[in-house]
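Same chain, two partners: subunit A is paired with subunit B first, then with subunit C.
This part shows the complex of A and B:
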């Protein structure tokens, strides 16, 4: 009989923290957001890219099918309205952003000063922003109406003729819609710039005063550098917005007369809503998207937006 | 809470959220075709121009129909006229078309091209309707389809006429504009820019090219849209002459604002005293009657061509179509037959101020008592009247006429494009579209 040494009891490993089993829960929790983004953002964007390569006109279903780059070829080589509407869009965006910035800055500086009834004036300055797009358009269409509007009132006072139809002459129609959009857009700049103005540290002005800086120098060397970030971002947002603006021009002129106020998004809207040509409309949209993408990247680089931030 | 319980709860909540999202996302489909239960069949009916001026009369007719046919119930849905095409397009794509729907001939070709409609020649040949619907209008509708079948039936017939201010004509001792010479003389005589009054209102904006077609074919007397070789007649020299003469009125015998005129603006000029003549269909009678009152305006057929023939461009009639996907076509056709029967058709048109499509209803006293409708009826019935069927069957028709040529018509008015170049471009596009269509629909 042999004695065997007693086998030592197996050592239980020291209890360690069991890794928490997450399983599918996190994925399930973010799933609603992912599904919503996929359904309402990725799918529509993807389908626009897809249809831009297709012949897809609901009135001519027998021609539907893969078109390759034919839509783009037609756009760049055989569609003068594409180039015309792109030119109109560029003028529109530059005019809007530059004028809105200058006027918005001016208004913000004014209402940032202390004076009597400042609250009331601020409310007045910002009020157009609170007016809905359709209403704003309605107001301006009435103002420009040659039989009831401002032109009519002026003609009754002997200024101009009652036949002045601002929205029916090519040049005046474009200027008229620019003015109407300015009215609506300037408060946006004014609000954002005013918010930033109020955060300029007072001691900077005091220091500038001590150094003998005048009003203009204080603005140039203290205020403006402080506002830089706000201005760059607001300009970018506004440029993209104005590029895509459809409601005001569509309701005021419908792109006319003679396509003189047709911007690129308006042209896209017309392709879809009146011509039912979704293939070509998608191709125009893809080009607009790429233009905006390139513009945004270049704009942020040129203005050194990130370099200026901490 | 113990961990296991907590993680179960988390999973349940996440699953519920996912399910809720999925339900929300899928909650936008569904067919709108009718259903049957308890021996009652429900059919869906979409009105292509719902609103207070039409809906109550449809509802009354539906009530009458249901009383006479207790086994059929009609579900009415009124749609806004300006988005009805999109609604039909979405319904076709998603498989939710109604059993019967209101349609305009201007977009019926697109619906036929997608096999969305059911031929309804049998309804036109039914005992109630046979021989009672204006054959000229039925021909126009047949021309929409390559197989020459009827895919819609008209509820009203319409035609463009010349509306004029009879009070101003009387004041200037002018005769009603029966010929084009009368028309141009009157346009000049009734213009006084200092007083902001003009002889004519040109429709330069929405719908302007369609009105121009009416004017130029009436002026030229050209009687077909294409010549024997399949070439569009739009740039026929007489048509070009008409465009030139009308464009020459702009800014002189018309207001400068006319370049962007849609119906609303043109009608406001006429009713407000700024313009003494305008071209529009019978549909504007109610507006003039309301704004001007009887005795201040009158209607005249479009002036005749020099040889005396009156050439009218067929108006796109408003009517009904039965949808191919319907599960209750027999019931839908029965409802359609009822709607076009003499009494219903007369009731409907009297209330909306249109000329009935049912020839028996056209004889009713209320039609005879309405001077504008009477002009319309006599013009259509006259042997000297000729109807030009414009090619609304071309899928590109709407795009060519409205989106492409609309802005160019404005360029002509503004002096930036010659009438000849404009007509040539328009004719080219139409000829090409026609050739394409012929190639795809042999025979």
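This part shows the complex of A and C:
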């Protein structure tokens, strides 16, 4: 059978995983992503820096113009709400990340065990992850409200007086917002930690068992070191996201009572949404960016994230 | 105190006599510790998760004025109020339009970028990946002001197009990285074989990779849908006409009333939750691998 056309021999001598191909194809493929990110993420970030040096208030267009550092001077010297919101932000982020990490770790360890209907139970306890901030507010307002809430239901059963207006006291409002966000945020931590738990090599546990390690020792010397990388990165991502979390607080308390629950991003959002002071809002944004940047760098340094990698 | 060890050994003897040799020496304390360690905390956490949902369902389906802890007799009056009175039928359609568009757009763009990352080496790839990773740190709330200015300039304020564009932009980085991770896991030899058989690169992709990518497509599409469906701040900032509201904005206005109609609020919440819960039920199987592949392993 000499009719067979000679098959062109593969150019590649040894099969390489990824072909080295030059040309336009990869650039065409990433072009939509690049254009969208450049136009709607990178350009806006750049313009925030520009606006922060301007007087730019939609309601007072006659004052618009170059302002130099006046916005920043006002922020640092004449705006107590900036400092207050900064403090609130720190408490908010620390509380959320620490509590979500502890509860998420526990939840992940629990649903990683074998038990009946595990898949269904996982879906159930993870489901608040899919709920939006506004919907979470709607649900928890029902629970917090003195006429419809849990306190009212308990008082019908004879427990408590039932007239607790949780959201109108500064301290209880802050705790209430934290609990509602935990409800939504713990599943995320649990999901990520669970993913990493499943990748712990089983022979490590066997080796630990052979050495006579107990449950706690297995957790302390096998599981925890394995999870370290994921925990560090999840904490960082979560800290940034909780820093930026506005939906839930904005709809639940609006930053009140008495601005006690106003975080820095919420303050920015109010500048944009209700005060229309784009210049000052942009200056607050720039400061927030810088805080996030410094925080991320310091966090990665302190936790020696790269050192833990192979 | 002395009776406890006796009972233990008694049970042990019974077990051994039954022919089934227990692995653990003390089955009863084992079971007790399983309750304390596993079922107890799980039940507690389950209550914490489910009571809020249940509360919403009770208020949504209960007739006005009822004080019962169960939604019985069932009443759909609250749904009539939000759907026809408040205008959730319009909000719902708007949200569906936005979320489905974002889902389709994100999937296409992410598959293209993910394929390029998985299968090509090109100049600037490192920078591209770095930018994708860094976008995880870009806060949407912080970009309200410049984005408002941009959308005003291109006349997309009060237009659902602005939401489709910006929600897609915020979904793409994670989706592209997820796709790239997934495609990298498919052997290149499959495509190579198809190309040696005379397929073009695109044909080879369609014939070999696309059929294998179904789980990744489902995961990315669902994440995009949920993200777009839940987005609130952009919709609040860019849309002020009530006939263009999306569900979260509509819900926030129900919340903002001086005298909140709690039945309507709960019914609106159910309307907002149903599509997300349905999508979540589909996607939760992929959630664990998906999120970790995209967000942590990078």
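In this text, the second predicted complex is superposed on the first by the 274 of 310 C-alpha atoms of A that agree within 3 Å, B and C clash if a C-alpha of one lies under 4 Å from a C-alpha of the other, contacts with A are read in each partner's own complex, and residues count from 1 in each chain.
Keep this in mind: contacts are C-beta pairs under 8 Å (C-beta built on N, C-alpha and C of every residue); 3 or more make two chains touch, one makes a residue touch a chain.
Quantities reported herein were computed from a predicted structural model and do not represent experimental measurements.
Touch criterion met: A:36 reaches subunit B and subunit C at once. In the superposition on chain A, no contact is made by A:117 with either subunit B or subunit C.
Contacts of A:202 after superposition on the shared chain: neither subunit B nor subunit C is touched. In the superposition on chain A, A:296 makes contact with subunit C only, not with subunit B.
Looking at the superposition, the partner that touches the larger set of subunit A residues, subunit B or subunit C, turns out to be C.
After overlaying the two complexes on the shared chain, residue contacts for A:25 are found with subunit B and with subunit C alike. Contacts of A:273 after superposition: both subunit B and subunit C are touched. For the contact definition in use here, the residues of subunit A common to its subunit B contact set and its subunit C contact set are 21, 25, 29, 32, 36, 39, 147, 273. The touching residues of subunit C, counted against subunit A in their complex, run 38-39, 41-42, 45-46, 48-53, 55-56, 59, 67, 69, 108-110, 112-113, 115-117, 119-122, 125, 128, 131-132, 135-150, 165-166, 168-169, 172-173, 176, 188-189, 196, 201, 226, 229-233, 236-237, 248, 251-252, 254-255, 260, 262, 265-266, 268-269, 272-273, 276-277, 279-281, 284-285, 287-289, 291-292, 295-296. Looking at the complex, you find that subunit B touches subunit A at residues 7, 10-11, 14-15, 17-18, 20-22, 25, 85-86, 89, 109-110, 113-114, 193, 196, 204-206, 255-260, 268, 272, 274, 395-396, 398-399, 402-403, 406-408, 410-411, 414, 416, 440.
Across the complex, subunit A meets subunit C through its residues 7, 10, 15, 17-22, 25-27, 29-30, 32-34, 36-37, 39-45, 47-48, 51, 103, 106-107, 110-111, 113, 115, 119, 121-135, 137-143, 145, 147-148, 150, 153, 156, 183, 188, 191-192, 194-196, 198, 230, 233-234, 237, 240, 243-244, 246-247, 250-251, 265-266, 268-269, 271-273, 278, 281-282, 285, 288-289, 292, 296.
Only residues 21, 23-25, 28-29, 31-32, 35-36, 39, 57-62, 146-147, 162-165, 167-170, 253-259, 262, 270, 273-277 of subunit A touch subunit B when the two sit together in their complex.
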